[in-house]
Amino acid sequence: MSTFGFTEEQNELRSTAARFLEEKSSSADVRRLMETSEGFDEATWKQIADLGWTGMAIPEEYGGVGFGFVELTVLMEEMGKKLFCAPYFSSVILATNAILNAGTEDQKKELLPGIADGTTRAALAFVEPSGKWEVDSAEVTANGGKISGTKSYVVDGATANLLIVSAKSGNGISLYVVDPDAEGVTRTALQTLDMTRKQAKIEFNNTPAKLLGEEGAGTAALQKTLEQAACLLSAEMVGGAQACLDASTTYAKERYQFGRPIGSFQAIKHKCANMLMEVEMARSAAYYAGWAAAEDPEELSLAASLAKAYCSDAFFHAAAENIQIHGGIGFTWEHDAHLYFRRAKSDEIYLGDATYHRELVAQKLGV
Amino acid sequence: MSTFGFTEEQNELRSTAARFLEEKSSSADVRRLMETSEGFDEATWKQIADLGWTGMAIPEEYGGVGFGFVELTVLMEEMGKKLFCAPYFSSVILATNAILNAGTEDQKKELLPGIADGTTRAALAFVEPSGKWEVDSAEVTANGGKISGTKSYVVDGATANLLIVSAKSGNGISLYVVDPDAEGVTRTALQTLDMTRKQAKIEFNNTPAKLLGEEGAGTAALQKTLEQAACLLSAEMVGGAQACLDASTTYAKERYQFGRPIGSFQAIKHKCANMLMEVEMARSAAYYAGWAAAEDPEELSLAASLAKAYCSDAFFHAAAENIQIHGGIGFTWEHDAHLYFRRAKSDEIYLGDATYHRELVAQKLGV
Amino acid sequence: MRWTIEDTPERAAFREQVRGWLRENLPAGWADAIESGDADKLDQARKSWDFFGWSRTIGMSGYGAPLWPKEYGGLSGEPWMQNITREELARYRLPTVGLNILGVGLAGPTLIAHGNEEQKKRYLQKILTSEEVWCQLFSEPGSGSDLASAGARATRSNGEYIINGQKVWTSIAQMSHFGMLLARTDPDVPKHDGLSYFIVDMKSPGVDIRPLKQITGSSEFNEVYFNDVRIPAENLVGVEGDGWRVARTTLMNERVALSGLSLDSAAFAGGTRKDPWALFVDSIPNREDGRVRQFIAKSYVEKEVKEITQFRANMARMSGAQPGPEGGVTKVYNAEFNKWRSNGIMNANGPAAVAWDHGDSDSENRAHAFLRARANSIEGGTSEILRTQMGERILGLPREPEVDKGIPWKEIKRS
Amino acid sequence: MRWTIEDTPERAAFREQVRGWLRENLPAGWADAIESGDADKLDQARKSWDFFGWSRTIGMSGYGAPLWPKEYGGLSGEPWMQNITREELARYRLPTVGLNILGVGLAGPTLIAHGNEEQKKRYLQKILTSEEVWCQLFSEPGSGSDLASAGARATRSNGEYIINGQKVWTSIAQMSHFGMLLARTDPDVPKHDGLSYFIVDMKSPGVDIRPLKQITGSSEFNEVYFNDVRIPAENLVGVEGDGWRVARTTLMNERVALSGLSLDSAAFAGGTRKDPWALFVDSIPNREDGRVRQFIAKSYVEKEVKEITQFRANMARMSGAQPGPEGGVTKVYNAEFNKWRSNGIMNANGPAAVAWDHGDSDSENRAHAFLRARANSIEGGTSEILRTQMGERILGLPREPEVDKGIPWKEIKRS
């Protein structure tokens, strides 16, 4: 089916991204980077900054390119296809939107240009060891310009050079800007199922923290940030699911058993057809969510949960079927099937799984 | 797989039952009876009474044959295969066990011989228009030997000549024996999805009612009765599911498309294989439940919910796939596929669907 | 789903034109009722509604089929015009097509693609005005998924074809003036090569229509028997033996119709009172239960992704894409979704879903919808057949070995 | 599941005999610890456990394989004896088999059925005592589901066979003394007809074993390369060209092993502290949530029906039934259930399931189990292949057209 809804410029961006990632995010690149502790390549990061990707949706007055969520949707989908290893989701999606949603004009001017030009790699520390996705579950406390407590599951939290942290004070939840090198910060890399995306636990002990925007306004800003992130993570999942479908289809044509390609057997053919159907539906959900993030603030919240719910299941299913269709070879470390499978599970769970988002859908519909 | 766990006598009972039902419960018989308001054939009912089926699990001292739940499991499975139209589940399973579980010695001696010889066709009125399966949800009131209120979803409630009714008084829930011809009784036949098993709504208005057993002991007796009934309804569902599998397999061998039997296509073959797998698992659950009902009172409750949960899903799935495998012909009134499909949905929901029983399983496991 | 696409000036102008035509041609009060959102007014307007009159009016206007050539009643338009007319008709809660869904949806496109000049002149305009209603005569008891194995015989004799055989699953056969008939003119060649496509006058002697009762208890379809039915040779569409190619045009258009891309009649039936989603939610008890909420939310999510996908496909169509095998994707999705959802509604309602007071129409409708849904994955191509087509035609997966390939039809094994 | 069958007097006597033997032969304190249910005592006993010694002891006793003929180390017993020994061993939390699961489970039954007298004498007793450990060499990179298309070549030359080729998915190859090798002796005949079955000494020159890393990160399996490996002709099992028939005995026994019918090693690992079900429930947070409760309860229901079915199959086996295709039913069920359940456990644990502190072994084990489960529907026959077999061999459904039927192996199309 066609990729409706994109301008020629956006389609051009997609082609450029696909070409770039084909070259810079091969299986060998991904495997090399996933074994490193930082998990990304400085030189490649510099290149995507030069391409404008890190400032893609940052307004021009803050040093960005001034495009929006539809362009991010395109990029995330293409990165998802290639499991691109970089702090893009953490810095350009999560942290950037937190700053845009919460920061004062001055703070945006101070913080965003660095993200846009790639020198700042920011991370958003909003979830805690409890694992609760609700933004108001924060237990890290803020008091007199200092924060204390533990955040966890912080994407690229160990390598970021700027942290945005949610914490509660007497006035509710607020966001704070924290220098990861400040006193009282202990960052511990976590072991991750998806080795292509790093996470960290970060402990704060009376760490100096600058309020981002207004005190107590963190809940709304963070909520919106996570909704925007859910839209874009959905796009990444569509890319991943498409890559699984492509790999399965290719293998099903090439692999012979019983004297014929396994794709000629209905058991395999119908699996591929079901994947195709779900990938198409997931694409619809993610594109719609990207559009809502860009154009329809009232619809954003529902569209985000809708997309996260559908795409989470679809990507996991595609990644699981991809292993099954590949049979024994799909179960080897050397084959990429497990990298997508790990990513699928991790993306599915991150920001809340399908069950969680369906409950949100029910709430948002007033059921 | 083998039908483990039955004695030679029980296997003999199965063969006899299968032969009898083959003759007396053909598709034509079922279709004739389902269009009548009473829904069964008096002569056939007399014959199964003569065969001892109506007194199968009633102790000899109450006029029965003195066998137990394993024999009932065998009969229910065979009846389920052929959609046998008779007030067997209502009278011999539900009402009989209610009397056995709740009645005094004298009451058993009074009431059971009639059921055993087929002259009494009793019905158990325990659920109300609210549709709640919990036994203590009864709102029908008992006061001074009279009951008032409305029961519904009473299997064979319009044709029974004896009613066992749950009602609450100051001492909790009790069971009562009610003459359906007594004053204040209004019976209204319901329209049923499954036309082969009739249901009725019964209104009581100051209707004389005799206490069955002790006042306030109805909850426990009824609970046990429904657990026993769930075990046996599961056996019926296994029979129905097996009939669907048999019909699908036969058709898949006979029906040619594209120059070969449709059963040679993996899409159909794997559907049949999945049905086989689920039917075997359902059979395990139902036989185990039948065994628990007969031999292990402590295990009955869990085994009943386990079987009801599994068999409900398995029969519905088998009945649905049976229509799909038959294609257009499976969607015609003249083909029996829809009769099993209707029975499957009705059995699935009756006594609580799989979701309901899984919650019970969790409770019974102390989760 | 609130995704909308802004009209280009050209499209906006066309939309205005359609809207203006509608305002002028609708029954009194109708446009008012819709624009004011007043449900009572719409009910009033409906009472004086002349369905046949409306069918003629829209059929003559060109808006019923903007893609059709002007000379046969269309607008010789672009694909986007079809979308705009549909949107505007839906906005006014009007069906695009009158009675003649199969005529406009299937017979028309087939005749435009494969008919000769005389046939186009004779039939197309009257299809659009619903003066002549059409039905489809493809399936047979022995040829369901494998339509190309159809065995109804057409024997040529003195400038006529004589038809014998049986068709099945024919909707609105009784009301139809003409049928699209696929019949075998040559049993001695492989199955695809011996078929021909005919226009058959349903009032011809020897056409015997018998309602077929389905599992719902109603008779939505018919069996149609042909006993020495005579068809003049000029009613052959395309050339003899090329019927399968002609039929594929009909089938592609059928799949699109069934994939939910033209659900305007639902909008018509729905009225202004309550949207279908609200009705669905209302039909579910215990909405505070987390498990029930999952069912409701999943229903919403699945419905939305389906509608968004249809919207995307429609937009693609606006750029001129022809209906292809991807119609199968939404068709299969629709079918499986509808089966799943109608079943879930039953369970949510517990014993009330399977036994109810005589005359309780809510319960009857729920049960009917539940039973009817089972046909969704059978009619117009089973989900299995469509998955095979998706695999082969969209993904390019290799075909299965074909055991009947190259074998004369009469020698192919059948049940 | 509490379903039990009362022993007949004959069976009760045998059970007493096994139990008596166990009490005498177990390490000090072991029987006591079990009978008293004292977990600490069992831990103590385990510390002084001599696994190899025990393997020899049980291997010499006959209880390791009651069905095998007496002269080769068994009891020449009835099927029910196997069940009873397994039950008693499980009761004492002991594995039936030592290291040599494939030797006892697959190689032994195959040699008993197809080996010659010399082979039985040479190998069977040492299989039972685990003095000689066996592995299986069937799968190849190009021959997975279609095992009969194996291409590793065995060329006869001067009373020897010379083997070249590659095998894969070989467990415990490094620890093995012998392998069951399926190799092609004749490429010019149809695939099933050109295979032969060999006993290969794994220490032979030219056998190159390379660990194969799986998606779990561990290397449970190996690739085994054969470079001019020489096998004496007396190591041919059955006759040349009849290897497929021999291999099917191995495969049937494999399916039974994988269908969960001999999970006694789990009981051994489980210890007395906590049963696996309680461990599972403990691993799930938010157990008050109705949706989570459904997951837990469904896990219980599915586990129970599986175990009851295995129990029924075991009881059938006691009456002497040979392992047949119905092993596939529980094998597929097991695989799909385990994938579903291990995935559900991940979701129930939220972000902690996909990121955890280094060294957190609970989280590592959970992730490992989740990844490992994916292989369940691939190893020992994919769920798809087994569904086909269930359809054909149990339900009697017709086979698909076979495009490689009757074609010389070397001419069959392959990737």
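The chains carry the letters A, B, C and D, assigned in the order they are written, with residues numbered from 1 in each.
Convention: a residue touches a chain if its C-beta (ideal position, glycine included) is under 8 Å from a C-beta of that chain, and two chains touch if they have at least 3 such contacts.
Since this is a predicted model, take the numbers as computed values, not measurements.
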Checklist entry - Which chains are shared contacts of chain B and chain C? => result A, D
Checklist entry - Hey, which chain ends up farthest from chain D, C-alpha centres compared? => result C
Next on the checklist: Taking the mean of the C-alpha atoms as each chain's centre, how many Å separate chain B from chain D?
Outcome noted: 41
Item to check | Whole-Å separation of chain centres (CA-atom averages), chain C against chain D | outcome: 54
Checklist outcome for this item: Multi-chain touching residues of chain C, meaning two or more other chains, are 290-291, 294, 384, 387-388, 400-401, 403
Next on the checklist: Two or more other chains touching the same residue: where does that happen in chain B?
Outcome noted: 260-261, 265-268, 270, 355
Next on the checklist: If we count contacts the way the header does, which residues on chain B are in touch with chain C in the complex?
Outcome noted: 127, 129, 131, 133, 152-153, 188-194, 199, 201, 254-262, 265, 267-268, 316, 320, 323-324, 327-334, 337-338, 341-342, 345-346, 348-350, 353, 355
Checklist outcome for this item: chain B partner, complex, touching residues on chain C are 139, 141, 143-146, 149, 168-169, 212-215, 217, 291, 339, 343, 346-347, 349-358, 360, 363-364, 367, 370-371, 374-375, 377-379, 382-384, 387-388, 400, 402-404, 407, 412-415
Next on the checklist: With touch defined as at the start, can you tell me which chain B residues reach chain A in the complex?
Outcome noted: 265-267, 270
Checklist entry - Which positions of chain D touch chain C when the two form their complex? => result 289-291, 294, 400-401, 403
Item to check | Contact set on chain C toward chain A in their complex | outcome: 1-3, 5, 281, 287, 290, 293-294, 296-298, 300-302, 304-306, 308-309, 311-313, 315-316, 319, 321, 326, 329, 332-333, 384, 386-388, 390-392, 394-401
